[in-house]
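Down below are the structures I want you to see.
Paired with chain B in one complex and with chain C in the other, chain A is shared by the two complexes that follow.
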Partner chain A sequence: MGDLRTYGQIAWLWIRAAWQYPTSFVLLAVGNGLITGLDFVGLWIMFSHLRDLAGFTLHEVALLYGSASLALAVADTAIGSVERIGTYIRTGRLDQMMTKPVPLLVQVCADQFTLRRLGRLTQAAVVFGWACTYVDWTPLRVLVAVSMLVSGALLFFGLFVGFSCIQFWTTDATEFANAFTYGGATVTQYPLSIFPREVMVGLTFVIPVAFVNWYPCLYLLGRSDPFGSPDALQFASPVAGILTMVAALLVWRTGVRHYTSTGS
Partner chain B sequence: MSRPTDGPLIDVRDLERTFDVRRRVEGRRRRVREQVVAVHDLTFSVDAGEMVGYIGPNGAGKSTTIKMLTGILVPSGGEVRVGGLDPSRQRVDLARRIGVVFGQRSTLWWDLPLRDSFELLQKMYRIPPARYRENLDRFVDLLDLGAQLDTPVRQLSLGQRMRGDITAALLHDPEVIYLDEPTIGLDVVSKGRLREFLRALNAERGTTLLLTTHDLQDIEALCDRVIVIDHGTSVYDGSLAGLHAQGGSRRTLVVDLVDEAPPIDVPGAEVRTVEGPRQWLSFPSDASAAPIVAAVAAAYDVADLSIQEPDIEDVIRDLYSRGA
Partner chain C sequence: MLHVAVATRAFRRYSTYRAATVSGIFTNSVFGIIYSFAYLALWEANPTAGGYDAQDAVTYVWLGQALLMTIALWGGGTTDDLAERVRTGDIAIDLYRPVGLVGWYLASDLGRAAYHLLTRGFGPTVIGLVVFDIALPGSALDAAAFAVSLVLAVVVSFAIRFLVASTAFWLLDQSGVKVMSGAFAIFFSGMMLPLVLFPGWLGTVANALPWASYVQVPADIWLGKHQGVDLLAALSFQVAWAVVLLAACHGVLRLATRKVVVQGG
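And then the complex of A and B:
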């Protein structure tokens, strides 16, 4: 808990520092919002030619898009610099961090904390909010929706941390890692039923991004899985989120141990 | 915070560190794995309050040792204890009690003003606000950083940045501070001021200091004790004066003759160089200069005489070459 407080304090100092240049801060956030906003405009244009995408209407796709985008924005904001550990290793910054009395992961995530994703966050929240008005809400659906957002953020957090750890072994693996992290994130913006079954299985059990939005959204929309997977999966997002986190933390520890034993 | 009262603060015993290096070998497709020994059979201890110079040529194992003392690297063998803690296992606990300055790499945040960097450290080390203000005021005053507090680190001069880094390493009242090349690239005035500050810190707070440097004047100004490391192992550990004796160091008598002459021939000294009427005679440090001076004065027409004390760099160079 103390570490979380330290994380908050470090993050706050970075926000305060960024606010020294308010114009650039605002431009960055707005720019980020506009760029990600174009994503959704793309979907919108697509739907002006199509009635549905693999059986999903615009507002259903908006629910999928909004929830995944929201989870991604939260995770992306929280992890900050983790994808830069390769650079930290090369420049010796990691060594510096290791001489500070704060767990390394906390320091790496809080370092250079920035709200540049504020734009994406806002845009995702707006799309998600709009899509929510089409959902037929029940108390259980509210619960599933909330747990979906939390688990989704955990999942992306875990993926980012886990894949960044490759850099402990080879410091130039950012692009490779991005294929899985941002790649996984892009995939979740569409109904997964557009993909063949094999891809679907991979997105459930290997890179489990299907739990970020697909399964819980099926429940929110009262649909059954076009692939016929068990309904229980629609409630399994928290399990997937926690498992991914645990796996990522284990990989992180192994990575740090590798670093301290090789020093490369 | 528990501080053991007995035993040395830093205790290094039979320390080993090897690295796996992959090397390309001609005629072979895959790179060959090789073991390189960075630190071998290293034993030393440092008591609280000591100021120790840790010197050696490039690649001797200085940085590797510091990394093992701070917990950044796990030793391959042997034992390290700092303040009773095992650095690599208790790295985070140890971090609260030590300060580290890597001379060539700043710990400060490039884009933040100095003041913000210090504040970040206050949060990380959870320094009580009153203590933080007291230390900050004091170090800023002693190191003359007041005017730079609101300047982003990237705009600071090298000397200002170094003083900032040293302040950063001391805000949490560490028991021991490791300084890796702290005066590298500084001008003479900055160097002098920094040394003065470190001496005062040690005298007033009893902060233990381990200094790695190439600048032997740092050592002469600060350290009562020197550990010389070469090829990963300690080749000398003792006083600076002892190092002179150990190295079999020699003093130099510079003789200015009235006229040019063949090399001077007196017992107990030999001529190193002749340049016109000036000659350089070398003799052992522990021998008296008086009889030599007398002999030269008796046999030659002398215009002037001076004696040069041995250069520690020569002494250490001598030590390295014998070790190799």
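And then the complex of A and C:
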């Protein structure tokens, strides 16, 4: 709990710092909302040429899109700064952080905290809310929906932290991680039935982003898996979220132990 | 000669970060694969959407990934240096140099673009060719026109990024405007979805805006959608925006230098 409080304090510090350039602050929030907003307009334009995409209608795709986007926005707002760890290593800031009495991961995640994702968060929530009105709700479905959002955020949290650790070994390959974090987010915007079976297997067992929204959404929509995967997977998101998170924390620990500063 | 020297130095500066380049090509290719499957699903459901066939659509995806860094779609490139020099006040030194600022940064950005084309452009194109069998230009004329169109795309994109960076003269920090401009660029360039799919008036507007010269125009030339007079019109469209926007850069710079107060002085 103490760590969470420290996190909040550091984050608040950065919000005040960003507010020193008020025009930029507002434009950043609006701009980021606009990017994701236009993203959805793109999807909508796509559907003006289609009745369904690989068997999924617009509001079904919106449910997939909204839930994944919401999970990503939460994870990115909370810990997106971890992507910059290569810069901290290069400039020596990581050494400074290590001397402070706050866990390193908390400092790295809270550093340069920005509310720029507020725009994305709002937009994702609106799309998700709209798509939810088409779902035939039961108590169990509500439970699956809540666990989907939490597990999705945990999964992205794990992917961001885990893949950012590559930078402990090579400091200028930040973009490599994007393929898995933002790539994972992009994949989840579409029904996985557009991909060949091998890709779906990879997204289930290797980079488990299928659990962010695909499996739980199949349950919410009352659909059977087009690939014929077992129904149990539709409830397995929390397991995938926790496993990814644990794996990421282990990688983080290995990375920090491997780290020997750049000074010499 | 000076500008050639500036461009070669920029080329070499960007070529320093090898691991970044390799990881960038990898990432572009991953996105290329994702979008290819999405577009294949779209064109399977509607085989003639926007006047493209499935191969056109997949080719379009990989061209987009190849152009992403070359035209610095998200903003950035050498104009980021300009914004930073305005913020720190170093711009004062640049202003008393006997070289035009716009020309200097344009040369530098062309050097950067050349590097990104050879690496981040060529890499994904080869992968697209091997994995998805994308189309190649139909004739030598199309290929040559594509090369010209590409240079024009970089110039138009540079001019917009220069204008964005110039807002730092007034706002001190370009980041907010940069994100806004990036959002428009992604949407109206046809990067997110080919402009040929945009319906009605939205399509008309999108095809008239300068961002259309980023991806849609070069891609259509590559795909052989413009022939004869039409090809000339497409290139003229890019030239017109390049001229107008570069003139705007000069104008804004003149306004800005009149109001520059060097920080700390």
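Note that the second predicted complex is superposed on the first by the 255 of 264 C-alpha atoms of A that agree within 3 Å, B and C clash if a C-alpha of one lies under 4 Å from a C-alpha of the other, contacts with A are read in each partner's own complex, and residues count from 1 in each chain.
The criterion applied here is as follows: contacts are C-beta pairs under 8 Å (C-beta built on N, C-alpha and C of every residue); 3 or more make two chains touch, one makes a residue touch a chain.
These numbers were taken from a predicted model, which means no experiment stands behind them.
Here chain A is shared; do chain B and chain C fit on it together or clash?
On the shared chain A, the partners fit.
Tell me which partner A:Ser24 touches in the superposition: chain B (first), chain C (second), both or neither.
So A:Ser24 only meets chain C here.
Looking at the overlay, what does A:Thr87 touch: chain B (first), chain C (second), both, or neither?
neither
Just checking: does A:Ile10 make contact with chain B only, chain C only, both, or neither of them? Give me first, second, both or neither.
First partner only.
Of the partners chain B and chain C, which touch A:Gln96 in the superposed model: first, second, both, neither?
A:Gln96 contacts chain B only, not chain C.
For A:Thr260, select first, second, both or neither according to whether it touches chain B, chain C, the two together, or no partner.
The first partner, chain B, only.
Tell me which of chain B and chain C touches more residues of chain A.
After superposing on chain A, more of chain A is contacted by C.
Given the touch rule stated above, what does A:Thr57 touch, chain B (first), chain C (second), both, or neither?
Neither partner.
Based on the superposed arrangement, let me know which partner A:Ala173 touches: chain B (first), chain C (second), both, or neither?
Only chain C; A:Ala173 stays clear of chain B.
In the superposition on the shared chain, how near does any CA atom of chain B get to one of chain C? Answer in angstrom.
Between chain B and chain C, the shortest C-alpha distance works out to 9 Å.
Which parts of chain A are in contact with chain B and also with chain C?
Shared contact residues on chain A: none.
In the complex, go through chain B and note every residue touching chain A.
Residues of chain B touching chain A: 19-20, 64, 67, 70-74, 88, 91-93, 95-96, 98, 100, 102, 105, 107, 111-113, 116, 119-121, 123-126.
Where on chain A is chain C touching in the complex?
Within the complex, chain A contacts chain C at residues 21, 23-28, 30-32, 34-35, 38-39, 41-42, 45-46, 48-54, 116, 170, 172-176, 178-179, 183, 186-187, 190, 194-196, 199.
Enumerate the contact residues on chain A facing chain B in the complex.
Interface residues on the chain A side: 6, 9-10, 13, 16-17, 91-93, 95-96, 98-103, 107, 260-263.
Which residues of chain C touch chain A in the complex?
17, 19-20, 22-24, 26-27, 30-31, 34-35, 37-38, 40-42, 45-46, 49-50, 171-177, 179-180, 182-184, 186-187, 192-193, 197-199, 202
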